[in-house]
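Read from first to last, the chains carry the letters A, B, C, D, E, F, G and H; within each, the first residue is number 1.
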Amino acid sequence: AHQGFPEVIFGLGKRAEQIGAIFQRLAEKNNPVLATRCDEDAYQAVQSLVPQATYHAVARVISYQLPDLAEGQGFGKIAVLSAGTADLPVAEEAVITARAMGCYVEPIYDVGVAGLHRLLDHREKLAEMDALVVVAGMEGALASVVGGMSERPVIAVPTSVGYGANFGGLAALLSMLNSCAVGVGVVNIDNGFGGAALAATIVRSSYRRSQAKAE
Amino acid sequence: AHQGFPEVIFGLGKRAEQIGAIFQRLAEKNNPVLATRCDEDAYQAVQSLVPQATYHAVARVISYQLPDLAEGQGFGKIAVLSAGTADLPVAEEAVITARAMGCYVEPIYDVGVAGLHRLLDHREKLAEMDALVVVAGMEGALASVVGGMSERPVIAVPTSVGYGANFGGLAALLSMLNSCAVGVGVVNIDNGFGGAALAATIVRSSYRRSQAKAE
Amino acid sequence: AHQGFPEVIFGLGKRAEQIGAIFQRLAEKNNPVLATRCDEDAYQAVQSLVPQATYHAVARVISYQLPDLAEGQGFGKIAVLSAGTADLPVAEEAVITARAMGCYVEPIYDVGVAGLHRLLDHREKLAEMDALVVVAGMEGALASVVGGMSERPVIAVPTSVGYGANFGGLAALLSMLNSCAVGVGVVNIDNGFGGAALAATIVRSSYRRSQAKAE
Amino acid sequence: AHQGFPEVIFGLGKRAEQIGAIFQRLAEKNNPVLATRCDEDAYQAVQSLVPQATYHAVARVISYQLPDLAEGQGFGKIAVLSAGTADLPVAEEAVITARAMGCYVEPIYDVGVAGLHRLLDHREKLAEMDALVVVAGMEGALASVVGGMSERPVIAVPTSVGYGANFGGLAALLSMLNSCAVGVGVVNIDNGFGGAALAATIVRSSYRRSQAKAE
Amino acid sequence: AHQGFPEVIFGLGKRAEQIGAIFQRLAEKNNPVLATRCDEDAYQAVQSLVPQATYHAVARVISYQLPDLAEGQGFGKIAVLSAGTADLPVAEEAVITARAMGCYVEPIYDVGVAGLHRLLDHREKLAEMDALVVVAGMEGALASVVGGMSERPVIAVPTSVGYGANFGGLAALLSMLNSCAVGVGVVNIDNGFGGAALAATIVRSSYRRSQAKAE
Amino acid sequence: AHQGFPEVIFGLGKRAEQIGAIFQRLAEKNNPVLATRCDEDAYQAVQSLVPQATYHAVARVISYQLPDLAEGQGFGKIAVLSAGTADLPVAEEAVITARAMGCYVEPIYDVGVAGLHRLLDHREKLAEMDALVVVAGMEGALASVVGGMSERPVIAVPTSVGYGANFGGLAALLSMLNSCAVGVGVVNIDNGFGGAALAATIVRSSYRRSQAKAE
Amino acid sequence: AHQGFPEVIFGLGKRAEQIGAIFQRLAEKNNPVLATRCDEDAYQAVQSLVPQATYHAVARVISYQLPDLAEGQGFGKIAVLSAGTADLPVAEEAVITARAMGCYVEPIYDVGVAGLHRLLDHREKLAEMDALVVVAGMEGALASVVGGMSERPVIAVPTSVGYGANFGGLAALLSMLNSCAVGVGVVNIDNGFGGAALAATIVRSSYRRSQAKAE
Amino acid sequence: AHQGFPEVIFGLGKRAEQIGAIFQRLAEKNNPVLATRCDEDAYQAVQSLVPQATYHAVARVISYQLPDLAEGQGFGKIAVLSAGTADLPVAEEAVITARAMGCYVEPIYDVGVAGLHRLLDHREKLAEMDALVVVAGMEGALASVVGGMSERPVIAVPTSVGYGANFGGLAALLSMLNSCAVGVGVVNIDNGFGGAALAATIVRSSYRRSQAKAE
C-alpha cells in the first residue's frame, strides 16, 4: 500500500479463513485495515483473530483502526451522495473507504433526480466539499446533475441496482461515461471502494500541496 | 393512415423520384402529407410535382398542408424539450409531426441537465401541457428530471448524439428505459416522428373523450 | 407520490422487515399502498403490522385499500393484454397497478400472435379502451399487431420470458422499440408497474381534461 | 455446386473484373449462373463477356439462364413474403434465387403486421405453397404471424432495415429466433440468397421423394 | 396444435401441479402429448394423474402415446447429430419431439469436428435421410461441415454448452447463422424441440406431396 | 462556463459558419476560447472573424488566448501520457484543454507498455505532477501500469485506436474501468477534453485550498 | 488423444458417477489421465474406483500418473504467470495440464501490473523458458507487459475474475486480443487447460525438432 | 524490434508522408522492413524515398529486403490456410509477415469447410509444418477442423469477412475462442500480421533450441 494508506483486502472470492489470516497479519502492522465484500462468516473468522475488528453490515466491510474524524480534521472533505435505498451498500463502502483513507465524509443519501428538490436542498453543503462521490444505479442521472451543480471533481460510481435493460449496471455506467457535465470521472460498476479511493487520492494530493504552501 | 392523421412517407432508403411520386399521389387526397428523413434532392423531386410543399431543412421533413395552430387550437398541447444543439434535427422532426397531427406545440430547447436552472425556468409552462416529448442524446438524463417534475405523460426520445461509449444512442436509450421517474415511455433512438406520434395519439384520445363528455 | 396516486414501495433488494416498516408508515396516511416485487416473507412482515393488506401471489404485489372499480368508474379504461402464461406475473403487476391508480382494467390474456384469431376476437373490446398495455416476452410481436389494430396509445412491456437468444428480454425489448406500428411507447423489461403507471398517467391526464371541458 | 443447382458467385468484396471472369467461366458450363450482391459496374463487366446475362437491379443480382417457370412447373412452390418497401432488395434476391433453383415463386409483398388485413387476404394462397420465405426488418414480427397461420415450413430472413435500436438487423434476428410459432428456421440478416436456397433445398428434397413414390 | 401434431406443453416457468393438470386435460383427447423442460417433480405430478406417461430424464421430457416407429414407417427419416456429451439433453429433446411428430429418427451422437473421421463414417447413413438436425455447442462448427457434406435441409440447433466467451450459446448461434454451407436454417439456442419441429414440418409437408403424387 | 474557465465549443455536428459565429461571440468576452473537434474548414470560418485564433491541427482544436505557462505557473502540473502515435489527436486535445484551464502541462508521449523502459525513464518526472492523464487505445494497459507507479490521481482516457475486437475503443474502456490499480478514474472514449477538464478541476480545487491555507 | 498426450475428461456438466466411470476406463490404459472442472464429489466417485488418483483442490483437477519432472526433464520449460490470488484456480489448472503433457513448469504467481517490480524481479527466469502462459483477470494487462518483456511465445488466458464492467472476463479477453505486444495468442476465458495445452503443443513440437536435429 | 526481427510499421491511421519518412529511417539500418495496412499512396511515398521497396497489393503491405527462402531454409515451416477468396488480404499479410521473420511459408488457400475434400487433400503437407496459421471469416469453423487434424500449434486469425450477424468478425472470433480442438490460440480479427508473428515466434524459439541441441 502507498504510505499512510490503509491496507485493503478484497474479500470477493476469498474464503473466510483466508480473509481472517490476511487480516491478522496486516493488523499486526498497526495500520488501519479494511476488508471489503465480506459476509458475516468472514467477520467471524476475522474477529476470532482480531477482536477489535468492526463489521459494517450494510457496506459488507470489516475495519480495524478506522479513524473517526470530526469536520475539519483529516486530509479534506468528501461528500458521498446516493440516489436510492438499494444503492446504500455501495455508498457505505465508499464512506468507510474514504474515512479509512483519512478524509472527513459527509453522507448525503436518497437524493435521486426524480425528486430534485431533495438534492437542491444540499447545494450549500456541496460547495464546502473538496471532492464528491456520486453513487447511483438505474439510469445514473444523478452524476450529471451534480456535475452541473458543482465546480468540484465528481467521481461517479454506477451501481448494478435495477433490472431488465439495466444489464447489471451497464445503463448507469454508459450514462455516467456520456455525462454532459464537465469534471466527472467514472469507476467500475459497484466499485464504492475505488470511487472513494480516487476521491481520497485527490484530496490527499491537494492536502500535501496546501501543507507545502503553508510552510 | 388512421382517420384524420396525415399521410406519412418514411424517406430513409427511398430514392428522390420514389418519394416525389408517392408524395404527389398522397397530396391529391387533400390531406396533410409528411415525408420524414428526406434530403434536399428529395425535396426538389417533390416540389417539381407538388409546388406547395415546404422543406424543413433542420428536421429533414417535407410537409404539405401542415396546419398552423395557435395556442388553444387543435387536439391539445405538447411540449417538445431538447437537451443540446445537436439534438435539434430529432426535436424538429417531433415538432412538425405533432403539428401535422393537429396539436399545438411548444418547443423548449437547450435545457440539458448540466445547466438545471434553464429547465427549472420552464416549470410553469410544462404544467399547462397535455403531454411532453423529451429529446436527448449523450446520457439522456433529461427524461428522468422532466419525469420527476411533471405529472403529465412523458415520451422520451433518445438520440444518437454523442460518441465513444455512446454506441449510437444506446447510452441514452438504456438511461431512459431505466428512468427512476414514473410515467415515462420510450421510443426508438432518433425517432422524433414516433415520439411525437405517440404524444399526439395520447392527446387525440384525450380530446375525443373530452368532446364526448362535453356533449 | 403525485397527488391522488397510491404510495408505492419497490420491494426488490429490500428485506422483509424494511418493507413491513415502510408499508405500515405509508398505510397510516390512509392512501392506497402498493408494494411490488415482494415474496411471501415480505407479506408476512407486512400483514403482522397491517392486517388489512392483501397479497397478490402471481403478481408478487402487496396492496392496501386497492379500489375495486366497476366498468365506467374511475379515471378511464385500460386493457392489459398478455401473450403467454409465463407473462402473467408482469401482466398482473400491471393490472393491480392500474387499478391502484384509479382505472378500470380489462385483462385480456393468452392472445399471443401464433394464434391470431384469439386476439382478433377482442377487437371490439379494444376499441372501447382509453389506453392499452401490451405485455409480451419471446419475440414481443404482440405490441406491433395490437398497435396496428388500434388507434389508442399502446404501452409495450417486454418480459424476460424466453431463453437462449432472448437474452433476458432483450429480444422483446428491441422488437417493441422497432415496432412498425404508430403510437407505441416502451418501458423497461418486466416493468409491469411502469407500463401501467404510464397508461394511468395518460388516462388521468385525459380525465382531468374531460372534467374541465364538462364544467 | 450440388448437382442441378445453379452456380453461384457471392459478389461482395470481389472486383468487377473478377466477377466478370468467374461468371464467364461458369456460364461456359451451360448451367444457370447467379451472381449476388453485384452493382452496375459488375454487370457491365459480366455483360461484355456474357451478353445474354441479365441484371436484376433491385435484387443486385446478375443471372444467366434463369428458368422461367409457370405455376405447377419445377420442383415446387415457394412464397416470398415481405413486410415493407425497404425489404425489397432482400426479397427479390430470394425470389431470383428460388427460381434459379428450379422452383415456382409467388412474391407477396408489403404485408407488414401493422396492416394485418393485407396479410390475411393471402391466407388461401399461402395454403397452396410448399415452403414460405418471410423477409422482414424492423421488429420482424411477420415471421411469427405467418408461422402461426401456416403449417408449411417457414424460413425467416431478418433484414437490416431500420435504424437506432435496430442495430443493423439484430432486432429482427432476435425476434425471429425467439418466435413463438412452431416450424420457423432463421438465416443470416439480409441473406435472401440463403433463405431461398434453404427453401429450395426443402422443396427439392420433397420433390425427389414424391418422384420416387410415383415410380 | 396443427392436425395430427402432438399437443406440447412448455414446462419452463410452470409449477409441477400446473403441468400435471394441463397434461391430464390434453391426454384425455387421446392424442400424443409432450411436456418439455420438466424436472422429476413435474413428472411425479403428471404420473399421479396420467399413469401411462413416460419420463425421459436426459431430455427432461414427459411423453404420452409416443409412437415407436421402425425405419420406413412414419412421415420420413430425420437424423439428429450431436457434437459432444454435454449436448445430449438438447439432442434427446429433438429426438423425442421428431418421434412424437411421426418421424423415424436416427440419433448420431458424439461426432464433433475435432475428430472428423467419426462424422465421415456416417456419410452413407446421412444420404438416406429426409432432413438433418445438427445439435452443437462450443463453436458450433458441426453445422457447416454437415451442411457441406449433405444435400438435405439442415436445421442447426446451437446449444449453451461451453463457458467464457461462449456467452450462453452466442458463439455457436453466430457461427451457425454465418455458415458458409448452403441449406442451413437456425433455431434458438438449446431449442431441441423447435429444431425437430421444423424438421418434422419439412418431412410432413414432403410426405403429403408424395402421397398426393402417388394417388 | 464555471468562473475562470475557458469557454468551450464542441464542434462535432456543427457547421463551419455556426462554429465561426459562436466563436466570435465568445471571443468578444475576452476570455480564453476553445473549439474542439474542428476541421480546417471550421478554422477558416473562425479565423475570418477572429484573426488571432490559432489552429492546432493534430488536436483538431481552435484556441483563442490560450495561456502559455512556464513550469511553476498556473494552478498546478498535469502530465499527459500517451501510448502510441495514433493516440496523439486525443492526447493533444487533452494538452491544449489543460493549458486553457490554466495548468502547466508536461506531454509524455509514446510510452506504451510493450516497451516498458521508456515509461520507467519518466518515473521522477511523474512524481512531481499534481495529476496524470493517461491516453491509450488498443488494450489500454498503460493506465494500470501508471496507476501502480504513482500516488497521484490518474485520469484514464481510452481511445478508439485499434481494429477488430477493439470495437471502437471498448477494449481500452473496459480495461481501464477494471484497472487493478488504485486511484484511477475513467472518461468517455476519445474524450481528451473531458479527461483534461477533470484533471484541471482537480488541480484547481487543490490550488484554491493551498491558497486558502497560505493566507 | 494425440499420441503421448494424457487422456482428458472435461468435468463440467458431467455427473460424479459418469466422471468416475470414464476415469476408470481411461486409467486402465496406463496413460496419464486428467479430469478438469471437478468438485469433491467427482473426486470421491473417481477415488473409489481408481484409488491412486489425486485431487488438486484449487485447480479442481483429478489426476492419475501425473509425471513429476525436475528442471531440464521433459519436453521443455513453461512458466505460468498469474496476476492475483483469485486467478489461482485457472493458473493451477494450467500448471497441472502442462505437467501432464510432459513439460517442466515454473509457477510465477501474484505478479499483477499494479506492483510492477514483482514482475521485473523474474526477468531472468522468464528468459530461460520455452513458452509463457499468462493468466490474468480484471484488465488483463499482464499479457501485454510480459509480451513486451519476452521474445518467447506468450499464451494469454483471460479469467472471469472481477465484477461489474468486467462482464465475466470480457474485459481481460478484449484487452489480450488487442495487446500491443508481438507474439501473444489468446484462448477462452478461464481456459487454463487450453492455454497450457497450446503451450505444451508448442514445446513438444519444438522438442521433436531438436531431437531430429541432434540425431 | 527483437533482434533479427524485421522492423514493422503499422500503417493504419498514419499519413503517406509519415509512413514514407519512417520507412526510410528504418531501411537505412539495412534490416528487413514491413509496413502493413498501406494503400497505393503510401507506397508512392515510400518508393520515392526507398526505390527498392516492393508493394504487395492484395496484402496491402510494403516490404524491403524480404528474404526469399526455399523449402528447408530459414527458421522453420509455416502453412497459412485460408477459407475463402475474401480472406486473401489477411492471409497474404500473414504470408509476407512470416517470410519477413525468416520462415518458409506454404500458402494453402480456398479450403473452407463447406468443401471438406479440398482440405483433406492437404493432410500430408500439413504434417510437415512446424506451425499452422488458419485465416477464416464467416463462421470460422476451419480452425477447429484443422486443429482436430493436426498435432502442430494452430494460430487462428478470424477475419471480418461476412455480413449481418457476423458483426465485423465477432462470429469467427467467438467460434475460434470456443474451439473444441486442442492446441488453438487466437489473435485479433483481421490480424494477419499478429497471427504470423506469433507463429514465427514459435518457430524461431524452436529453431534456437534445435540449434542449441545440435551443438
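By our rule, a contact is a pair of C-beta atoms (placed from the backbone, for glycine too) under 8 Å apart; a residue touches a chain by one contact, two chains touch by 3 or more.
Please read all numbers here as calculations on a predicted model, not as lab measurements.
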Partner chains shared by subunit E and subunit F (touch criterion as defined above): G, H
Both-way neighbours, i.e. chains that touch subunit F and touch subunit D: B, H
Pair in A-C, G-H or B-D that repeats A-F, with over half of contact pairs matching by residue number: G-H
Distance from subunit G to subunit F - Cα centre to Cα centre, in angstrom: 41
Approximate Å spacing (C-alpha centroids) for the pair subunit B, subunit C: 26
CA centroid of subunit D to CA centroid of subunit G, Å: 48
Geometric centre distance via CA averages, subunit F-subunit B, whole Å: 37
Sequence positions of subunit D contacting 2 or more other chains: 164-166, 170, 173, 177-178, 182, 188
Contact pairs between chains, per stated definition: A-B, A-C, A-F, A-G, B-C, B-D, B-F, C-D, C-E, D-E, D-H, E-G, E-H, F-G, F-H, G-H
In the complex, subunit G residues that touch subunit A: 85-86, 161, 163-166
Residues of subunit F that touch subunit B when the two form their complex: 12-14, 158, 160, 168-170, 173, 188-191
Interface residues, subunit H side, partner subunit E - complex: 83-84, 112-116, 138-141, 144-145, 147-149, 162, 164-167, 170-172, 174-182
Residues of subunit A that touch subunit F when the two form their complex: 2-3, 5, 8, 76, 130-131, 151-153, 155, 173, 177-178, 182-188, 194, 197-198, 201-202, 205-207, 209-214
